[in-house]
Every structure is written in C-alpha cells, then in structure tokens.
Amino acid sequence: MTGTEFMDIRENADIKIIDVKTDLSSYAASDLRQVLEDLLTEKVNKVVVNFKDVDHINSTAVGTLVGIAKRLRQNDGDLKLCNLASTLTRTFNLIGASSVVEIYESENSAIAAF
Amino acid sequence: MTGTEFMDIRENADIKIIDVKTDLSSYAASDLRQVLEDLLTEKVNKVVVNFKDVDHINSTAVGTLVGIAKRLRQNDGDLKLCNLASTLTRTFNLIGASSVVEIYESENSAIAAF
Amino acid sequence: MKKDQIELNVPSDVFYLESVRVFIGKLSETLRFSKKRIADIQLALDEICSNAVYHGSKCVSSGIQLQISVDTRSLEIVVSDKGREGMQDWSTPEKLAEIQANRSPTSERGHGLYLINCLTDDHKLQANTVGGTDVTAIFYRDVKQEKG
Amino acid sequence: MKKDQIELNVPSDVFYLESVRVFIGKLSETLRFSKKRIADIQLALDEICSNAVYHGSKCVSSGIQLQISVDTRSLEIVVSDKGREGMQDWSTPEKLAEIQANRSPTSERGHGLYLINCLTDDHKLQANTVGGTDVTAIFYRDVKQEKG
C-alpha cells in the first residue's frame, strides 16, 4: 500500500500517515475510503490523516472518516486528523463529527496523542 | 493615484511600479488600462508592471500593455514587465509582443534597465 | 431589479462536481462574498449536487441542472435532478422532519440536508414536474444578513 | 464512443468569463491535461469567449453558450453567440485570411484568432442559424492518461 493519485502514505513507527493532496468532495472521498479500507485490511490500527493541502471537505468525506475512526477503535487503534484549515474544522464542528474524530493542530501532536 | 482593487502602485525614485493582484483576462484588463492611462495623464513616463501574482493573461491585456509601452516611449519613457510565469511569457512570445515590450526576470533588473 | 441568469448542465457524475465547485467559488468571489461565505456556498452546493447525483439520478446521462440568478441582492441557485425510482415524495415536510430527527453526529451519512440548512440564508426543496427534485439555495449579498 | 455533455450559458459580460475560465481549467485538470495544456486551453477559450462577448453579442442579455463534449479521445468545446449588426459573414475563408494577413505583433488588437489557431489542436468557425457564430475548439487528450 503506497498511496494513490490523491493520497501519499508515510509511516512513523507503527503509525500510518496519509497526506491528502486533493480537495475532498464526493469524487475523491471514495479514493480516501479505499485507502483507509486497505489499511484496515492490512491490520494497521493507528492512522493520522494530514489535511495540510486540503481546502474543502464535504459530508460524504467526513462520514467516511467517522466510520473508519469507529472501526479502528474497535481494533484498539484510532484515527487522528491534523493541519485542518479553519473552514474544514467548521465543517466537522457543524456536523458534530469533532466529538467523534480527534482533530490536532500539527502532525506531531496527533502522533503524540496515540 | 493609489491603485485599485486589482492593482497596487508603488514608487522607486521616478519609476512607478504596478503590482497586479489578479489574473488579466478581459474583465481586469480594463482596470489595467485605466491605471496606466491615469499614470500617462499624470505625466509619469517610467513604469514597471510586476506580474508575480498573475497566472493568466489574454490578448486584450497584452494589447493594452503594447499600446501603453508605445505611448510611454513617445514621451521618452518606457514600460517594462517583470516576474512573469512561463505561461505568461509564452503568451507574449506567441503574439510577438515580447519584441515590443521588454520582459525582465526580476523587479530589480527591470528598474536597472531604465 | 435586473437579474443575470446562468445555466449549467452536467452529467450525473461526481467527477464533474469538482468543476462545478470551482465555478461556484469563482462566481461567489467575483460577487465579493467573503472567503468564509465562499467556502459555505461551495459546501452547500457540493451537498446539494452530490444528493442530486447520488439520490436523484437514474444514470450518468440523466444529468443535473444548475440555474443561477444573480442580482444586487442575492445569489440564487436552483439545482434540479430528474429523480429515480423509490425516491419520489421524499421532500415532504413530514419526510424532511423525519430525516432531521434521525440525524446523528456520529453516523456516517445523513448530514447533507442539515449542512444545506445551516449554510444557506434560505432554501427550498420541491418535487418538480419530471419526477425529480428542485433544490433552491439563496445567499444574500448583504453581509448583515449572514447566518452564524 | 460514449460522450459526456456539458452545457453552460452565461450573460454576454466579461465579468462572468472569470468563472468560465476556472471551470474550464478544473475540467481540463480532472481530465488530466498537463499544466501547460491547461493554460493553453484556458487562454484559447478566453479568446473565443471574449470575442463572443465583444463582437458577437448585442447586449449583456444576449448570452453566450458553451457546449462541451468529453470522451476518451478529446475535449471539444463549441462557443455560440447570437451575433450583432455589421458582424455577419465575418468568418468566411476570405475574411479570415484578410484578418490573418493584417495581424501585426506590434498592434494592440487582432491577436485572438491567431492565438486560437496556435493553441487548439483543431478549430472551426461557422455562421450559425441565429445570425451569430459557432466557434469549435478541439483538444486531444493524451491517450495514455485517460479518465478511468
């Protein structure tokens, strides 16, 4: 699993870090789901998603992240998000998803929180 | 003359420097023309246009610059352009306008060329 | 008051919604909405158009239509789909109340209509004559009428 | 070969061409044209649409139309205007040859058609039935990088 056109995957010890390189509306959301599903299949259970290069997210992509976060927790892992622009945080807050998925300022703080 | 929504105007000795802050298609081209006409009216004759923040220019805007360059030269002045992205240089080259308007890598070299 | 009209028809494929989103974004920018408002308008329209594609279209060639009206007071966008089996009459007040009542922040789906409600200054959902839905979203250009 | 169809109608006002340009840009990007090609496509369309507004429209409400066809091989865009008095029959081969012969790199105007010719893979200018012009621009897609 080395990533896709829209996502790079790096690792830091047992944590996988996904760099999203595209805005996340419905088209790219299915790509994100695929990448995360593949990591679940590989029994990865600690994942950080880096939103540094993302300007837009919609409810389909937020829902995907919520679903994956729940499943990772069932495996004693977790999904953490970092580097969100304020418009993205607003979308998570409006939906109420920030109560389910943890959002961190930086990649380091997301990693440290595992 | 202090600029417009799309253009800032600075000065360096007797040279006016216009920072274009928008892409230059037909809509903004009329703004550029107005700014340059106003400088001509004010008897300014040395002008540098800085394209650092410009990603697109069309033939209407190129034509405007060609016309103003000719008029400034009649007043013993000149118009010089700087910081053009390669797609912009390409447009000037295709039209043949780079034989009429001088294009420089940097603001400093444009200023030094007067 | 003079209204400018724009019409945009795209296939029912989320692939094209990327282009629709930047179109709406640039239009809102030229109409001088604030950065924050532009993001809101783009998200609301993304949700409306995604619904039209996922729930309101039989196939890619069904197509969705955006009718955009611009005047000094507002930006109004009507997104129309042609509907598909089993999706009729979903937008009655009772059905919409039920959808809203069932929404949970922790669920994966069902946040689109809620966001549309939050992000528009006004909106309307109506069954149209071809068996689909017309969703109208209104954004006032006057900053004072901006919502939360 | 399956073709996807997009239609975009905007008022004859250069104000809206900014939004059209980013739409065409994003569409070309999602179709995986290279950065340089995207700039070429945007410039060609800017020139075609600016001409349709300046030379081919009586007033703002005349409107211009873009019909966009996408298939695995090409992106084809037809820009139609409704024409205006004194601008009929300008696109005959003789008139076009005259326009080209008169072009001078040092003149302020008259570079649009030349750029359209340089930047498209193929193009066509035709009088349409409503007294205006249909300008067709074709851009071939790099077959190796086609949409999935």
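As written, the chain order gives the labels A, B, C and D, with residue 1 at the start of each chain.
Throughout what follows, contacts are C-beta pairs under 8 Å (C-beta built on N, C-alpha and C of every residue); 3 or more make two chains touch, one makes a residue touch a chain.
Please read these numbers as outputs of a predicted model, since none were measured by experiment.
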*Among the other chains, which touch chain A and chain C together?*
none
*Please report how many Å separate the Cα centroid of chain A from that of chain D, as a whole number.*
41
*Between chain D and chain B, distance of the C-alpha-averaged centres to the nearest whole Å*: 26
*asked:* Give the residues of chain C touching no fewer than two other chains, as numbers and ranges.
replied: 15, 18, 21, 30
_Residues of chain A that contact two or more other chains, please._
27
_Every chain pair meeting the contact rule_ = A-C, B-D, C-D
*In the complex, go through chain B and note every residue touching chain D.*
23, 25-27, 56, 58-60, 62-64, 66-67, 70, 87, 90-91, 94-97, 99-100
*Would you tell me which residues of chain D are touching chain C in their complex?*
4-11, 13, 15-16, 18-23, 25-27, 30, 60, 63, 147
*Complex contacts: residues of chain D adjacent to chain B*: 14-15, 17-18, 21, 36, 39, 42-43, 46-47, 50, 53-54, 105-109, 111-112, 114-115, 118-119
